[in-house]
């Protein structure tokens, strides 16, 4: 184990996989000379050279489209979109090409492709640069959508994503890069894609979260513990495939649940998880499932207003109190 | 419109029940929730509460009739209503065709949904803010009681009438905890009554004095007492019992137990009976005929599982708690399960699964220093083993008189299923396990 | 080219023509669903280019792809089976008319979102460069309409910035759906768009097979020698509507007639006779053979089985993932839990 930030964990995963496999390369805006806009790929250009660390024009369709083509020839590109807000510019290539080419041609093309991007608000970037539209991408069969909440998961999941023969949208949260955590060492320590994970055990209420909200959920769980309420925190880690196993297992014990996400509530991750809880464990429902999410507004620039709109630890805490009628 | 009452399903594995007594006679008025009949299953005797108010118009079946779940048992008419024979017949035959009303609770829900289909649909699909306003406007939720799905399920399992439970959730919603508290209260009340009765009985003994001979007392038999009585009578009268008694050398078993118990914490200590359970279970694997039930006149069911029932004395009678798959469980687990289940049985908190599914029973009265005895078979099982005390006795070994440790056990077996020789062989194999108890640890 | 090679190219064009005519009939009979975009009139482009490419050169095109599929080497009966959505189709009935491919033949599809395959083509070329596949060229076709969309510009720019060996081929058939080039594009000569990226370019006649072969060969030699991308605008014409059911209000019958006089099959036939490479009788024989091949293809496709129901879930992912079937798996999962 080593203690490191999320940034270091992701950077190390990339580095190790590039060292391990010649076919892995990265491309995107400012991944090379700049060292990555979030400094994740600092030092990569010097070490791996221009062939494998490819700066691109600011042209998202070209970044993703060419990564798809390269993947079809057997390479394992890791294409970086500076933020998920720019994924809309490459939307066709993500959902119409990456998610479908394998299926639509009867399995002839493989797309061992990773699209790394960052999601989330809270940095005063205003409405177009602060979104958390993760659920939109999880809507499409054929695409895998992964979003880690801890440094250890970030490393293990990214490595698995790179080794996966399927296209993976790997969503990081820009405000988590400084988060520290224990990360197991070893080049082949992987986390399986498509598996939820219990990050904290408890018997009174199940809090389901992913990405940044996992950290918030863990803090909320600490607050709840002071009130004598033991919360179980289940980290989805993958939005597609969505692994409900640990969620249902937990819920059948606690009978109460809160789903926390940073994105908007309508048609969101919480909606999906809540619906599946009702489908899979209706007879275990002792209170309506609560969804904690972002206020339904485009995020404003002003810091106070922005924080008002974003879901907070306290929201999860209060929601949990409400569902346990505590 | 007259309403039909059907045989309720009172446990996951209940297929049929016997209507043992009508509590409400034909013509008597019935309130919703009134006890109208008593049903006996192979587990217990249970009261059937009416889900409708009105008049007990017709007993569809007579007392002592055994019926499958969902079969019609009675017709309750509204006050002043006189359903025609045709109406009754169509009601009864409709229910006989396809089981519609699974349980009292769901029958209520069905009724509610007919009356207010839209309101119900909305309520269940959307228990969020908009629903609250509708509630204020007088729309009632599913089943007439606001309760969580979990609470409804537990209520069904435990036969709790939700209308009697006070809800602590928002707007009076009944949640799991409310049902648990309700059940707890019910149990405590039940115990207090029993305690009073026992207290009285003790007084009559302690207060012996020629001058103050108490009057004879006629006590109502508890339902448990009645059920035991009926079952034992049925078994003893109708099952052809035969009995075989054998003595077992228990020296090795006692010293092994001592050794093992030195290694185990106080809470996990093994009793002699735990060894017997395991030994019997293993022996039964070799004698499937004794791990069997009479299915009907022409069939015997050999059970796949070996589930050992252990008779436990409780206030006012006895109960049989069940160690399922005892042949596969380690001794320590058997010991723990028996201890926990017996504790629950004595506390009146026994769970449904504690007393279900036994395939062979053991009754051990060793703790009362009983040498040996013969037990009555616990129907529908094929046999029961009655175990006496382990004691030091003079024995002849190698021509010399010595002190040995011995225990006697008597098997009572159903002659329709097995014969003396087979039962004797079983007792012999049991000896292999009890006398070389290391085999029980393998 | 010897006589046989000439005859083979002639027959290929006729097969493509007859196969598409049959497809139009099958479409009208309701046996082919969805969209059906016919290539009739443009055959000299696919036949010409494919006849001069090397096996290592990748081909990727847009949705008007039947001719390309056949020129790339997919058997006509396999193309027809895909049109009918059958299990024997090149995409196992999952892709249909617009999504034909065979990676073994280095034919990378049939792509239906206008222009979206252009950046993908750049990626294919990147794959070759990265893996040291020397001299391999990616040949990417698109229509004139696609040159007005962003993908085209992002793709061409990237190919030039990274100096990727791509032969960009604009099959200018004069209309993007029903909109004439001059009504949709700021410049009528599509080739001019390459100038903005400092990319060499040319415009050639695409109705004459021999001309296509000659010009394309030269361009490909240049790419192999000098590296980098090249934009070739090939002037051609489709005789049929954009797709089946096109009312064709955007052009006069006379215009179609005028282009039909330059029918690539007729032009090549005349060339073969004029040059005394083949006789009328020999070419008629080729026509008959082509008809027989197409007839057999239709029979094959019609008798090919529908894809088995469980193939519905095949190839969503390479790696095994839980099957989710219209909510049905929910009940199963529930019982397991």
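Observations
Just so it is clear, A, B and C label the chains in written order, and each chain counts residues from 1 on its own.
We take it that contacts are C-beta pairs under 8 Å (C-beta built on N, C-alpha and C of every residue); 3 or more make two chains touch, one makes a residue touch a chain.
Since the model is a prediction, treat every value here as computed from it, not as a measurement.
Listed here as common contacts of chain A and chain C: no chain.
Among the inter-chain contacts, the highest number of C-beta pairs connects A-C. Comparing chain C-alpha centroids with the centroid of the full set of protein C-alpha atoms picks out A as the closest. Chain geometry summary: the mean Cα position of chain A and that of chain C are 39 Å apart. Centre-to-centre separation of chain B and chain C, using mean CA positions: 76 Å.
One finds 51 Å separating the Cα centroids of chain A and chain B.
Across the interface of their complex, chain A is touched by residues 127-128, 148-153, 168-170, 173, 175-176 of chain B. Chain contact summary for the complex, chain C toward chain A: residues 89-95, 99, 101-103, 108-111, 113, 116-128, 130-131, 150-151, 154-155, 157-158, 161-162, 314-319, 321-322, 324, 327, 330, 333-334, 337. The residues of chain A lying in touch with chain C in their complex are 25, 51, 54, 56-57, 59, 61-62, 64-75, 77, 92-93, 96-97, 101-110, 112, 141-142, 144, 164-166, 193-194, 241, 244-245, 248-249, 252, 276, 279-281.
Remark: chain A residues 255, 282-288, 325 touch chain B in the complex.
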